[in-house]
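Next, two complexes with chain A in common: one pairs it with chain B, the other with chain C.
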Partner chain A sequence: MSDVLLALQAAADTTRAYGEFPVIGARGAVWVAAEVHLMFAAFVLGVPLFAVVAEAIGVVGKDQRYDRLAKEFTRLLLVAYSATAIWGAVLTFLLSTLYPRFWAYLTAVFGPSMWAYVGLFFFESFTLYLYYYGWERWHQGRSKVVHLGLGVLLNVWGTIVMLIANSWLTYMMTPPRDITPTTDPASIKLWHAIANATWMPINIHRLIANVVFGGAIVGAYASYRFLAAKTEEERAHYDWMGYVGNFIAISALIVLPFAGYWLGREIYQYDQSMGITMMGGFMSWLWVIQAFLIAVLFLAGNYYLWIGMGRIPGAERFRPYTKYLLMVLVLGAIVWGTPHTMIADARELAAMGGSHHPLLGALGVMSAKNSAVNLMILTTFLSFLMYRRANTRPVVPWARTGTWIQAGMFGVAALVVLYFGIKGYFVEAIVRIGYSVYQVGAVLACIVFVTTIDILMGRGAQSLGAIRWGKMPARSQYALFVLAVTFTWLMGLMGFARSGIRQHWHVWQLVQDTSKYAATPALGYAAKMISACVLIFLTLVAFVFWLGGLAEKSTFVPSSEKREKEGARVGH
Partner chain B sequence: MWGTNLRIVLVVLGTLALYTLIANKIPQVQSEVPQTLTLGPNVTTEQLVAAGEKVYNGAGGCTTCHGLGTRAPNLLTDEKGQGPIGARCGRREPGKTCKQYLFESLDNPTAYVVAGYQPIMPVMTRQLPPEQIWAVIAFLESQGGTEDVTGADIPASAPPSPPGGGGTGAGGVAGGSTDPMTLFRAAGCVGCHKIGAEGGNVGPDLSHVGARRSAESIRTKILDPASSTARGFERFAGIMPKTFGTTLTAAQFEALVRFLAAHK
Partner chain C sequence: MKHPFWQAVGILALAFVVIEWGIPLLPGSALVPASVVLQYMVTVLAGVLIYVSDDEARWRRFREPIQAALVQPRLKPVRLGGLVVVPLVVGWIAYGQVRSAVQAPPNLRSIHPAPPAEITFRGKSMTLSGLDNPLRQHADSLPVYIAAGKRIYYQNCLPCHGDRLDGLGHFAPGFNPLPANFQDNGTIAQLTESFVFWRVAKGGPGLPREGTPWNSAMPKWEDFLTEREIWEVVLFLYDQTGWKPRTWERTAGGTR
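Let's look at the complex of A and B:
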């Protein structure tokens, strides 16, 4: 009997294909293990990116604060790496015992890449040890550059590890079309399976999302340390750290939708029915939840900035404008969250008076939503700009002209967004889709050119006073917590969307899920699972943070306190 | 410090609770697994309608487009003053009963595309077994019309036919004919592709396909439609069935390939 026939016979035998797990079931167990592992993985990939960039800024700008910031986070990585590995092992054991047949299929296709994955994990771990424990030894001159190189190498290993793992999950979504259910998995060329249709879009999307996630977790850590700080110096430092984390998270978030758009396009191109299931099928309500979460991110991010302006001398002149910015954000969020293309039964359609709500139907279409989100991005950018300029007054002779040019750029970008938004109502869908490129292009061009002008205009600018780091009300720090929780929840939700569109297939149209958990659950159940995963993750991260503080005192032990103690000792 | 910790915990739990609550308040739609229906010749109309409703709202995936009213007509509500689908199906095509019209719409969807909509519907007789097809028809008839599907219809429709209703199996489509144009129509190619003046515009015009593709390339494209996508038709990628390699006989397949390659 050939291998193929053996494989077919095995496929028909579903009795040994699945195991059972108490209480939450096999699917629930794998869900929790995979999601928590993924959250830790995003943490240990996002934070090194954050750390090495912070270290580089410290080296180039000769600012020790950044160097200390980088070291503090690398210390947390040591524990987080262990947690990632533990959850990875849990996931592997659960898959091999609860989904043995599917796991055997994956190992038959990807076996060698799994060996490489484990090998790279060794390199990654030991590079991390060198990076952290060598910090003080290689802290200046040429050795500092070598140390920085270790940080880059750590990120290289981490990124390759992520690329390998991504190939497994993207193969499950979009296996190459020439592979059929009867193809012997051992005969599939490894690279052919790796380089599937969604592999690269997921790689890019996750890379950016990891930066966002890293920034958000850094922000949450800083806010915790800020609230727990006992001295002004410590509070100032963690206030600054929270700002940096929030800045990085929101900046990277702005480009994330474009990577998501590419991924969605690839899914549609691979299989239109999969794309329709994702955007207009049983998952359509998911995008309303997503819109709500992103609205929370925008509002919380901007709120944090506006409160932060209270500690910047000179920011008073911008404060009156924040209420208008808030209005734009709220209106944008309402439009973006308007349900439109939803599955409705006869009763719901009758209650609505048609396939769309008579009043809100016009706001729920992509023309309105794209316009809303682009205006929200412009508004957030304006908040950052005001924050950035708050304590300076430009002195270059062309400052007034430059400011008018900047205002003009904002105006033109907003007009382009609105023009194509309105025009989109009067053209066919295929033309309308193209308009989103013009809208996004106008917003990105505005961001790039306005920032460039601002940097040039800020040369030699007159200072209106230093930022009073640490002078932040506690409520601002809770906004950072909301950001971290929301980013983490959003990651769980999007993971459900990506995985759920496979529906009752382990590998799309190749390996069918014949277990009793084959039906993809509704959003309510998914939300409970996501919340449970986020809670587990955040609890463990809090433990990691606590351990970080336990193992080594903060590098910001207040010098004044130290002096007092030393003084006291001398006095005795 | 304990007060701060408690506030942090409350903020985290409150945020999680809010998101979980909202996600549980919206309509809950679960993606069902297609299941085999066992409906014998003695099945009652009520059983068929009930089974059809389940397929329509679940495994059939019909609501993905027909539940919106944007991609496809909503079948359960009034469409341009003609009532729901059961009331209007008998008037859609002259000489065809409601039952005939609905079956052909599922078997060869591109034949009757309602004005204002794109021909994007997949061939449902390829996706669902005959029992589910006829159950869906009975359910659609029940929406304002008269259900006349019986158990006798089910065996008459098996095995599932290809687009055009030409029949499948070892004999291929169109009774085993190797006349290329007959095959082009019977295999359903004409629903999406144009040759000369005949055919749809979902896929590229094949009137000069031989000038663009070699016979080998055409062969590959038919067997593996995802191997390439013509420029300008990306949005329809994934629609072309992947089953022509099994529904056509070798002689039919080669006749079709030679025919297309000769259209330069």
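Let's look at the complex of A and C:
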């Protein structure tokens, strides 16, 4: 009898709570709209950060190349903003028609913040128009500073918009504990709902990830223009642009895992079962895939740098060492990607005595994985350092000592990582968790101190020759494409992980998903959905790139053309 | 082996030998599942391709034998051999992928189901979050509890989980997946005692609806054992294996 009552209750809960969407279903439709909207949002938040920093470097360093670079990207933003808004509208309409009851709940809690969101988006758009269309008018003296201020303001609006949207989705994951299913949503204090347990970790994580994403997209754009370039000069310009994009993407990527770790820790602390679902339960396979993809990022990023050394006079001094760095990266990728619970058939399971390998299983736990990723970060940093130093020779009297100190710092950081990685096997879990902080601390300290020494040591350094921009083989540019595609796919994958751990809850333990889509999708289905979102986004971005070239000429100006123009000005 | 092409072939062959045959020979090891061999080999292949192509001169030398095999008249036998061998290898792999086998397909089993925050044990409500083994409060009596846990284990758990607590009891070969191996660092070593209590008490029927379908023959032991007996057997598991249970993080706001 009780089963019948439960079924009746479920039917009553579900009536008019959900709509239906043809072919891919309601969940599929919202999934695609939310993910593509998010990817565009990351694009229009990451690229302005990139643009304003590039403009500032141009102003401070009096290097016009950076100013042109910033403008070229701001032009792409105009179209990308429209695409973001369109996908945002699609998402809103789909939510209100396919999930009306849940949407009503969310609007009851967050209504005023949604109005503010729309207002800020309005300000953001008009600041962007002023920023772009005022570029030539305000390009000198004090007006240039005002223009730079507009760029900063654009980022401020964009960041606040992101913070507001983040509060909605983090509330769905980690609503404050004092709110119960019977709490009237209209009675929940707005700030109380916004400042939930995962709001700030997500804010920081997304802010850094947007910089990474912006850099990667810039790199992909530059590689596309490099491959299509007609002249050596144009190739040199886009080679340089690709390098800058990659440099920013990889630099920000190095700190991204630490922000992700904080987010994961907050999820565990909020609700252990959610944390277990994410890391040890049925979502754990996503982390193996993630490890593999991040290993691809590290390998592709380093590969690009090593090929790039071919165009730097003096880099041949460092060439013999890159193979050892590669070995560390490959071994790190193998360790990081080793699953704890292995995919095995019955024969293999019987031979292993379960789904954990008796020997390799030791590589599937956090001690091994944290050590591997920290060593990969150190290796990537060393690649950067060699690249940076390639065409210079320090002349300060303490250069030799300084280099030894730097080497010592690398050695100490690697030893700290390995020491706590090995010790982690012999202590209980609660102690082991704390060890990752020491490992991260050692790596970060090494990065900060070694960079400081390097900057001081580089003062007045003897140049071994200028970088031969443009002298890059085409395959190096495909590495930049790989980076952009992998970053985009990773965003889709981790977005699914973050959203999927709510399982059959729209709002964790407050609003239950009683639709027929309440089951968590299989990995294969999820992979297809993520790939579809990535394909839609990249196709649209390619269209935006093409439009950028169609609307206006590239900001690259060949020197012959420049001379003609200058000649014309003189003539007048 | 100074030529990058042969270096690449050599590294790949060596990696395969080490992964496929070397690792299983190490003490305490076992064969490496095909899925992991594939994963490792793809990673090594990526590394090898990076090595041969990150330097222009090396990349040119690496391609020389491939180009020669494709165009030089004297290497026609190699070309023809390739035309025969490559499709055969691809066909063999494809055949291996699609042929029907008499064994169960690989299983993506999740080892740690997410525990509920609260359970009902024989009508009594229990909050699992922050819950420690209550028997640990009586340090003097621990040997007695552990002895009782040992007796309970040997009366009830031995047939599946085995004499050595390694999941290889005499019933074990009849199960897929095998019963949990408590000696493994990935089972009870990673878990709080309240998690283990929940798994013993609720067994396979009490697994959460998320992550289904589950594959567990574990009975619901609350039907046969008292609350204290389950805590005793949990104590025995940790004592016998030497693992320390995961502890709860104590914060200013309470236990997490």
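Throughout what follows, the second predicted complex is superposed on the first by the 533 of 572 C-alpha atoms of A that agree within 3 Å, B and C clash if a C-alpha of one lies under 4 Å from a C-alpha of the other, contacts with A are read in each partner's own complex, and residues count from 1 in each chain.
Everything below uses one rule, namely that a contact is a pair of C-beta atoms (placed from the backbone, for glycine too) under 8 Å apart; a residue touches a chain by one contact, two chains touch by 3 or more.
As the structure is a prediction and not an experimental result, all values here were calculated from the model.
In this overlay on chain A, chain B clashes with chain C.
Residue contacts after overlaying the shared chain place A:520 against chain B and chain C alike.
Judged by the touch definition given at the top, the superposed model places A:489 against chain B, while chain C stays out of reach. In the superposition on chain A, A:503 makes contact with both chain B and chain C. In the superposition on chain A, A:322 makes contact with chain C only, while chain B stays out of contact range.
Of the two partner chains placed by superposition, only chain C is touched by A:299; chain B is not. With both structures placed on the common chain, the touch criterion links A:60 to neither chain B nor chain C.
After overlaying the two complexes on the shared chain, residue contacts for A:272 are found with chain B and with chain C alike. Once the two complexes are overlaid on the shared chain, A:285 sits against chain B and chain C alike. When both complexes are overlaid on chain A, the residue A:550 reaches neither chain B nor chain C.
Put simply, of the chain B stretches 2-10, 38-46, 146-154 or 236-244, the part that bumps into chain C is 236-244.
In the superposition on chain A, chain A positions 268-269, 271-274, 276-277, 280-282, 285, 292, 341-346, 348-350, 354-356, 430, 503-504, 520, 523 are in contact with chain B in one complex as well as with chain C in the other. Residues 268-269, 271-274, 276-277, 280-282, 284-285, 292, 295-296, 299, 302-303, 306-307, 310, 319, 322-323, 326-327, 329-330, 333-334, 337-362, 364-365, 425, 428-430, 473, 475, 503-504, 520, 523 of chain A are the ones touching chain C in the complex.
Chain C meets chain A in the complex at residues 23, 26, 28-36, 39-40, 43-44, 46-47, 50-51, 53-56, 59, 103-117, 129, 166-168, 173, 176-178, 180-181, 184-186, 189-190, 209-211, 244-249, 251, 256. Residues 1, 4, 7-8, 11-13, 15-17, 19-20, 22-24, 26-34, 57, 61, 63-65, 67-71, 74, 76-77, 84, 120, 122, 143, 224, 226-227, 229, 234-239, 242 of chain B are the ones touching chain A in the complex. Chain A meets chain B in the complex at residues 177-178, 224, 227-228, 268-277, 280-282, 285, 288-289, 292-293, 341-346, 348-350, 354-356, 430, 474, 478, 481-482, 485-486, 489, 500, 503-504, 513, 518-524, 526-528, 530-531, 534-535, 538.
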